[in-house]
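Consider the two complexes below, in which subunit A is the common component and subunit B and subunit C are the respective partners.
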Partner chain A sequence: MTAPLLNITKLSKHFGRQAALSDVNLEVEQGEFIALLGPSGCGKTTLLRCIAGFLKPDSGSIRITGEDVTRLPPYLRPLNTVFQNYALFPHMSVEDNVAYGPRRRGATKKDALSQAADALELVGLSGFAGRFPRQLSGGQQQRVALARAIVNRPKLLLLDEPLSALDLKLRKRVQIELKHLQEKLGIAFVFVTHDQEEALTMADRVVVMSGGRIEQVGRGEDIYRAPATRFVADFIGEANLLPCSILPDGSLMTSVGALSVRPKLRPKGDNLVAVLRPEQVSLLPDGAMEGLSTVPAVVEDVIHVGSHVMVNARVGDTVITSRVSGQLPAQVVKGARLHVGFRPDDLHLIGD
Partner chain B sequence: MITLLIRIVSLAALLYLVLPLVVIVGSSLTNTSFLAFPPQGLTLTWFGKVITDASYVSSFVTSTVLAAFATAVAILFAVPSALAIARYNFPGKRALSAILMSPLILPHVVLGAALLQYGTAIGLTRNFLALLVGHIVIITPFVLRAVLPQLTEEQKSLEEASADLGGRPVTTFFLVTFPQIRSGILSGAIFAFISSWINVELSIFNTTAELTTIPVKLFNYVQYTIDPTIAAVSAVTILVAALVIIILDFTLGLDVLSERR
Partner chain C sequence: MSTTARRVSLLVGLPSLFFLAFFLAPMTVVALASLTDASGNLTFVNYARILLDQYHWDVLWVTFRIGAITTIACVLIGYPLAWYLVRIVDWRPWRRVCVILLIVPLFTSNIVRSFGWMVLLGRNGLVNDSLQTLGLIERPIRFIGIELGIVIGLVYILLPFIVLAVGNSVADVDPSLEQASADLGARPATTFWTVTFPLCLPGLMAGAVMVFMLAVSAYVTPALLSGGRITVFSMLIFQQYSSVFDFNYGGALSITMLVLTLVLVATAGRVGATKGA
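Here is the complex of A and B:
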């Protein structure tokens, strides 16, 4: 069994008394696309900077293909980084920026420039070699930063929110391009983002972080379907979180009443939470429907969001949100009394 | 309307700055044996007198060599200090920064007296080295102050990018850091050079009859005599400064002083 490309073990880092990373463990395989996802201050950028070598962790280790690089300075690590602000050298032309890496690794000027030309062609900027960074648009600068990082053909590329400065349309396009490029080159990407859609679109596996800890690692759809913690359920997509407990007879008591559901998974802890995604909640103006658990509710808000409609319905003290993508039944108006229903199997239980 | 007003005000300000120079250069050309403006007749006698006077020539040389050496050493002190202060956290960082900057707020006379007293104790007085040490102390803050603001976070991320691409620290400094702070070093060096060139209060403690700088010589001279010689010396000084600025503009471009590229 070969060593994984990147192996992070028990990594911790404090800033003063503030724990920025605590006990982080992560493995990344060759050619994998990993997204580090979380709100600002969750430690994702700190983790990236530890991998790059700009920060020294307090404890724990970082191995790249088995070699311990924890104490190595950045310039000796076999990886490259695309910085959030691109960090292009303003006093160098585009080709000199891209040739900088090969030059530092001992290539002759001629070889370095020819490698730079190849990398620039790869990102579609062949005609821009002689320009200076300030003469380029944000999107073009982003491509130069990418070319400069991949020209060395590292096995591992770190990207620190590289798309955050681009406008929405361009960002969507670059996401797809970046994903294609990553597959073509076979370089493993560790991609920091706070944009969950970006993470779910691009990554093979998503690492959700909060408060310096890894909350969950998994494929995007698994994280969405089966969040491991309350934080993940709340952070990824929209969710109805229903506090609940399991009764002695094995059925479920939730904040919207007792359900004749016998959950297959029984997480530890007394304060359980049932997660129900809005698209799993049906609105039933005519009452019950076979196969669904239903509870009576009153419509509080009907919110049109273009492609779909979000309906908030009150059940006692709890508000349940339903997402309706097709035609909204005529009876669903503010103040209407109806039933909300869901498939018992869709309930996902989370322990404490 | 507003633009016109701004132009008039700036022209007036410029005129106010330039007029004394016109007066001093004008008086250096006077025929009379006393300072007169407008000059009575035109002669270069006083310039001739200055150029042929060995004591003037030697104090010009002393001042120039002193300012050049002091500026060079100040750059060697200030740039690493600025890097340390901007890039690292270490105990005594604020103290170091305050000490390096303190000559800016201390009266130079006080510094001069202190240096003389200390110099006497260690046998470093009234020679070129004593002058040099004092000048380095007072001009280092000028370079430091000009370089520090250029070591921004943005600049730091350029250095990180260089390290990330395999650039070792020394390579990173010369290929990435230095080109970015060059304009700061240059403008700081010009201020430093001029501060050294014009200094009287500090130099006066360590100059002798044989070893003296041009401002100290002028200062001593005007205590006893006022004749057009001093105007001629001043005119030469102005000419040298103007030449330096013009040469800098042609070689490096003075735009590097006004804006970060």
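Here is the complex of A and C:
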């Protein structure tokens, strides 16, 4: 059995009394694209900096292909980092920036420059070797930072929100390019982001973090369909969260009333939450529909968001949001009385 | 003229006027004086007197040598000090105390501080006494009346300038650049010489230029610590203005000094720039 590329065990880090990381465990395989996702202050950047070696964890260990690097300084770790602000050396030309790594690893000046030229070609910046970082646009600087890291052919590349400074259009394009490049090079990426769409678009597996803990690790679609915690359900995409409990007869009592649903999965705890995605909620102006659980509701808001419409409907004290793509039925207007329906199987239960 | 235009011309005009009145005008007076004789006729005789006399060249050589040694010593002592203040000290109150200790001497007169060094460095001064008590030397070392004494005094007085200039530039270096260097495999010493030091160089050069200018134009410290045995250029100028009252010849000495200093600094800057790039 070969050791995983990156193996993090029981990693903890405090800043003063504040726990920035507590008991983090994570494995990354060769060539995998991992996104660390979470709101600011969730510990994702702290985790990345611990892996890079810029921060010393209080306890726990970090292994790279089996070797314990927890106490190694950054310059002895077999990985590279793309920094959030790119951290290009302002006093060096683009090619000298990219050749910096090979030079430190003992390449001759000539060799280092030819490796730099290859890396710059890979990111589409061949004509820019002689320029200085300040003469480049943000997108170009980002590519130089990427070239400077991948020129070293690391097995593991850490990226700290590398796209956050780019405008939306460019960011979308770079996301795809970066994903292709990662597949082509076969380097494992650990990518920090607070943008869930970015994480879901690019990563093989998403690590959702909150308050210094890992909430859930999984493929993007699994995390979306079956969030493990209330935080994940709320953070990833939009969700209707219905407090509920399981009655003695096995059926479900929710905040919108009793449902003749017998959940297959029974999480632990008494205070359960049922997760229902807005696109799983249908609006039924004409009442019931075959195969759907329905409850009567009153339309509160109709919000047009370009490609689709979000409708908020009130059921007692609870507001349920439905996402309608395509034509909105004419009866759905503010104040209208109708039914909202969903497939019982779509309900995903989360324990405490 | 609209009020806006008037306000703009005032904003632009006042600083210009200030520069004209306090910087250009006195310099022009000195320059004009240097180009005339006692009766006001245009002449280059003052400059000829300076440039054709080996004595002046000897004094210039001593002056610039003291200036250069002072600058080098200030850089060698000031850079580590600035580094210590900015990078090593992480207890804020102590850093504040250090900065205050560094700046407070600037509030006292050069004369007082130079006298202080005369007392410390004298034959029976504290330095010689201590060295003798410790048995490191048998007879007192002579400091006063040789260039070393002047250099010690000047370094002490000018050190704050270079520490402040370097300290600012060290503090301005983005820590992520040094992290990037380490990430790319550079050991700390390599990171210092390839990233940190080059990025601090402009601040270091600015501080060095300032120290050099102040060292070559210093009068009080060399005058007190020379013990009458060493002459620097500012003493010649002072003699002409205060004892001989020859403002024309004194003016020519001043302008010569000014031009040579500027040429030296510009050359050093040019050399530094090509090396840095």
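Quick notes on this one:
The definition used in the following text is that the second predicted complex is superposed on the first by the 352 of 352 C-alpha atoms of A that agree within 3 Å, B and C clash if a C-alpha of one lies under 4 Å from a C-alpha of the other, contacts with A are read in each partner's own complex, and residues count from 1 in each chain.
Definition applied: a contact is a pair of C-beta atoms (placed from the backbone, for glycine too) under 8 Å apart; a residue touches a chain by one contact, two chains touch by 3 or more.
Please read all numbers here as calculations on a predicted model, not as lab measurements.
With the two structures aligned on subunit A, subunit B clashes with subunit C. In the overlay built on the shared chain, the residue A:Leu122 is in contact with neither subunit B nor subunit C.
By the document's definition of touching, both partners, subunit B and subunit C, reach A:Pro74.
Judged by the touch definition given at the top, the superposed model places A:Asn152 against both subunit B and subunit C.
Shared contact residues of subunit A, touching subunit B in one structure and subunit C in the other: 52-54, 73-75, 80-81, 83, 85, 87-91, 100-101, 104-105, 148, 152. For subunit B in complex with subunit A, the touching residues are 154, 157-158, 160-168, 171, 175-176, 179-180, 261. Residues 52-54, 73-75, 79-81, 83, 85, 87-91, 100-101, 104-105, 148, 152 of subunit A are the ones touching subunit C in the complex. Those residues of subunit A whose C-beta lies close enough to touch subunit B in the complex are 52-54, 73-75, 80-81, 83, 85, 87-91, 100-101, 104-105, 148-149, 152. Against subunit A, the residues of subunit C that register as touching in their complex are 174, 176-177, 179-187, 190, 194-195, 198-199, 276.
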